[in-house]
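Would you mind keeping the following structure in view while I ask a few things?
Chain IDs A, B and C follow the sequence of writing; residue 1 opens each chain.
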Amino acid sequence: MRKAVGAVRQSGRRVPVASLWGVVGRRPLARHGLFAVLVAIAIVIFSYQVSSYTNYNLAEVAVFVIAAAGLTLLTGVNGQISLGHGALMAVGAYTTALLLKSQPNLAMILVLLTSVATTAGAGLIFGVAAARLRGPYLAGATLALALALPQLALHFSSLFGGEEGIPITPPSAPSWLGATFSSEQWLAWISVVAALVTLVLLANLMRSWVGRTLKAVRDDEVAALLAGINVGRIQVLAFVISAGCAGLAGALFAYWVGLAAPAAFSVTLSLQLLIAIVIGGLGSLVGAVWGSLVLVMVPDLTGSLASGLNLPSSIANNLPLAIFGLVLMVAILAFPGGIQGGLKRLAGLGRSRWRQHGLRRESG
Amino acid sequence: MHTLLVLIIEGLVQGAIYAALALALVLIWRATKVINFAQGAMAMVTTYVALFVIQLGLSYWAAFAIALAFGFLLGAVVERVLVRPVESASPFNVVILTLGLYLFLEAVVPMIFGGSIRSFPPAFAITGIEVGKVQVPLSGFDLFTFGSVLVVVLLLAALFQRTNLGLRMRASAFSPEVARLLGIRVGRMLTTGWALAAVLGALAGILIAPTLLLQPTYMDEVFIFGFTGAIVGGLDSPWGSVVGGLLMGLVLTFVGYVSPDLETLAGLAILTAILMVRPQGLFSGHRERRV
Amino acid sequence: MLDVSDLTVAYGQAVALDQVSLTVPERSITAVLGANGAGKTTLVRTISGLVRGRGGSVRLDGLDISRLAPERVARLGIAHVPEGHGVVTELSVEENLRLGSMASRGGGVRQALEESYELFPRLRSRRRLSAASLSGGERQMLAIARGLAAHPRLLLLDEPSLGLAGQVLQQIMSKLRSLVADRGLTVLLIEQNARSALSVADDAVVLALGQVVAHDRAAKLAADRDLLGTYLGF
């Protein structure tokens, strides 16, 4: 009884001081949303400070973040490996290209949403087909998808434009932003907003019952079945959501390249996405962001390093990839939990140091 | 009739290569439950080593032997240095590790040997053998390719089934803890498994090089079809992987004959179809989990 | 021969063995009794090196083996027949036995196989079959035979009675006794079933919640109704 009274009094005392944070802090959607708005503002400011090349890179990172975040849900949270997300991005990109070809003036938001829908549909078909596959068998089937889909584009070249692909006009910035506003910066804004929206939605999804169910299936399929979870359906759901993200990423990617062509959606792209989420920290959306940064920044840095060294071309051309491979191996060996895992460990270490320090001072 | 024969022979010879790679993947899978995505790249490295030896002026056979020996070493080193430390980590970590190795090797080799396309000599003539006056659609090199894969597969089977070393390796793969209780150095057995797998890969690499020509990425496709073969056969079944590899060779050759640009697509469609019916491959001993 | 002193083992925060000390004299059978979860399996797994202790030591004839890897321990002549038999079901019966004999210090494979089939004639007729086709009792026989095929100095048996018919168990126990007498075998016998274990053992240790609550001659403990009632549910 006394306990209950105490609780009431405590919560009663809290209400008057309820700041914006007090309300927001307790609702994940609002909290994540607020955080996303802050990040968006920061990036908008940042985008004015840097060159259009950096904005171009920024858009690329955002595109990777969207796809990697979707893959995080599938692979990290639900435990299903996919080596075929590049192909799903291709579905999004080609949807965008074909749509713009027939309706050049369609609003971009509609183009993006249609791409998401089509790719989610493709994910549904594939998810159902692959529902019984596990581990390496799923890896093999998704790898097949990654290889086969670009081939389709080549085979039906009258529709998909064959090797050359279908060109896309990049979106031009609205006039109220000024005449000097670059299309790179505009695309960066759009991509970053899309990435933040994706992250907020996924973060909330992961905290809901869907997220818990996905994790339960990953951790112990048999137990999940016994608990009455429809494992097949939840796995297909993960595929659909994840594919939807890949579709959005693919659409923006097509805008970013100005083209939907098979070469851009090679197996390498699929592998890069998987690499991003594991290096970043499997299962964490923040990790997906780290991983995407690594994916874009490391080759960029090593590329400029290699070209600055005056090396023979056979070495300079391959040095970035060699370093990337090496970084990958060393990173996995040194940080089994990825960047996010490593940071958490560091933070934990720091905190316990701090606590020990504090205790010693108190006792001393 | 003649065409059919040509296709079957070509398919089986191609299939033998895929089978060697598939078996390599299965050996590693059984030993360490890892798909080695660098298997093809490792075979590429050993073939470059062989080419280097040939260019030094040594014979094809010396290069052949050195490539296989180098493969053995490479496999052992990779297991010891890269795979062992992440043994207990998430399987995704090991996947990324082998992917990292794959990227690394494919970038380092052109830095050392140059990135241009090179020809690689076959061991025997690649024109059809003449029986009497008729030229049959089977070259000496075809025979050598199929025969050497067959011999190596049989030798491995004998090793695993008939020797104490093979028994120890199987026990280590199936039941590492029990194996350790029986005094078996499980780590050493797993290293040996990786090393033997890399020898198989090296064999595949050297046998397919004359046809595909040598360049850093030339094993990518072979790897993928070998992987597909292994999955079709079932990753737990060495014989299944050999059958799966041969099947891949036949199917791809036939489809390639009918419509060259559908080759890959058809091969992969077949894989998906088979997996939909048998999610663990054709010959996997494990029955599907039913709960 | 085996001296365990102050052995402490924990799984994370949970302490499974708390400063356990016991000795196993040469050429004898020592039973370790205790309820489910008392720490018996943990004890043998620590002795054979599968689990690392947090403190204390395990000595075999004075040599500290507590830091050795299981394969090293096995090659010092300690054979561990794990709980739930640990037969490799993917291998044939004979292959399992051959694996056991490989760890043998002396005596050929053929001799070891012959001894195994003599001990368990049932295994001889099934020697080419996959171990997966054996019944639970037959697997237990195979596991024990495999342990003995190593000609160990010290045999660790973790609940061998599980799945074995009483008659077969009797037979195995009398065989063990004769091996102790003839070949100088030493046995550490883990049992939940105290009655049969106490009847065959020379000494006995009773574990409860990771601690040694009694360590004495088996006959003495068998007469201690209080103790049996408290810890072993008699």
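Please note the rule applied: a contact is a pair of C-beta atoms (placed from the backbone, for glycine too) under 8 Å apart; a residue touches a chain by one contact, two chains touch by 3 or more.
The structure displayed is predicted, hence computed values, not measured ones.
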Point out which chain occupies the most central position, where each centre is the mean of Cα atoms. B
A count of C-beta pairs in contact puts on top the pair A-B
When the centre of a chain is set as the mean of its C-alpha atoms, what distance in Å lies between subunit A and subunit B? 34
Return the distance between the CA-based centres of subunit A and subunit C, expressed in whole Å. 53
List the centre-to-centre spacing of subunit B and subunit C in whole Å, with centres computed as mean CA coordinates. 43
So in the complex, which bits of subunit B are touching subunit A? 29, 35, 82, 85-86, 89-93, 95-97, 99-108, 110-111, 114-115, 224, 227-228, 231, 235, 261-262, 264-265, 268-269, 271-272, 275-276, 279-281, 288-289, 291
Residue ranges of subunit B in contact with subunit C within the complex: 164, 167-168, 170-171, 174-175, 177-186
Per the touch rule, the subunit C residues reaching subunit B in their complex are 48-50, 69-71, 74-75, 79-80, 82, 86-91, 95, 98-100, 102-103, 146, 150
In the complex, subunit A touches subunit B at residues 75, 81, 129-130, 132-137, 139-141, 143-145, 147-148, 151-152, 154-155, 222, 225-226, 271, 274-275, 278-279, 282, 314-315, 317-322, 324-329, 332-333, 336
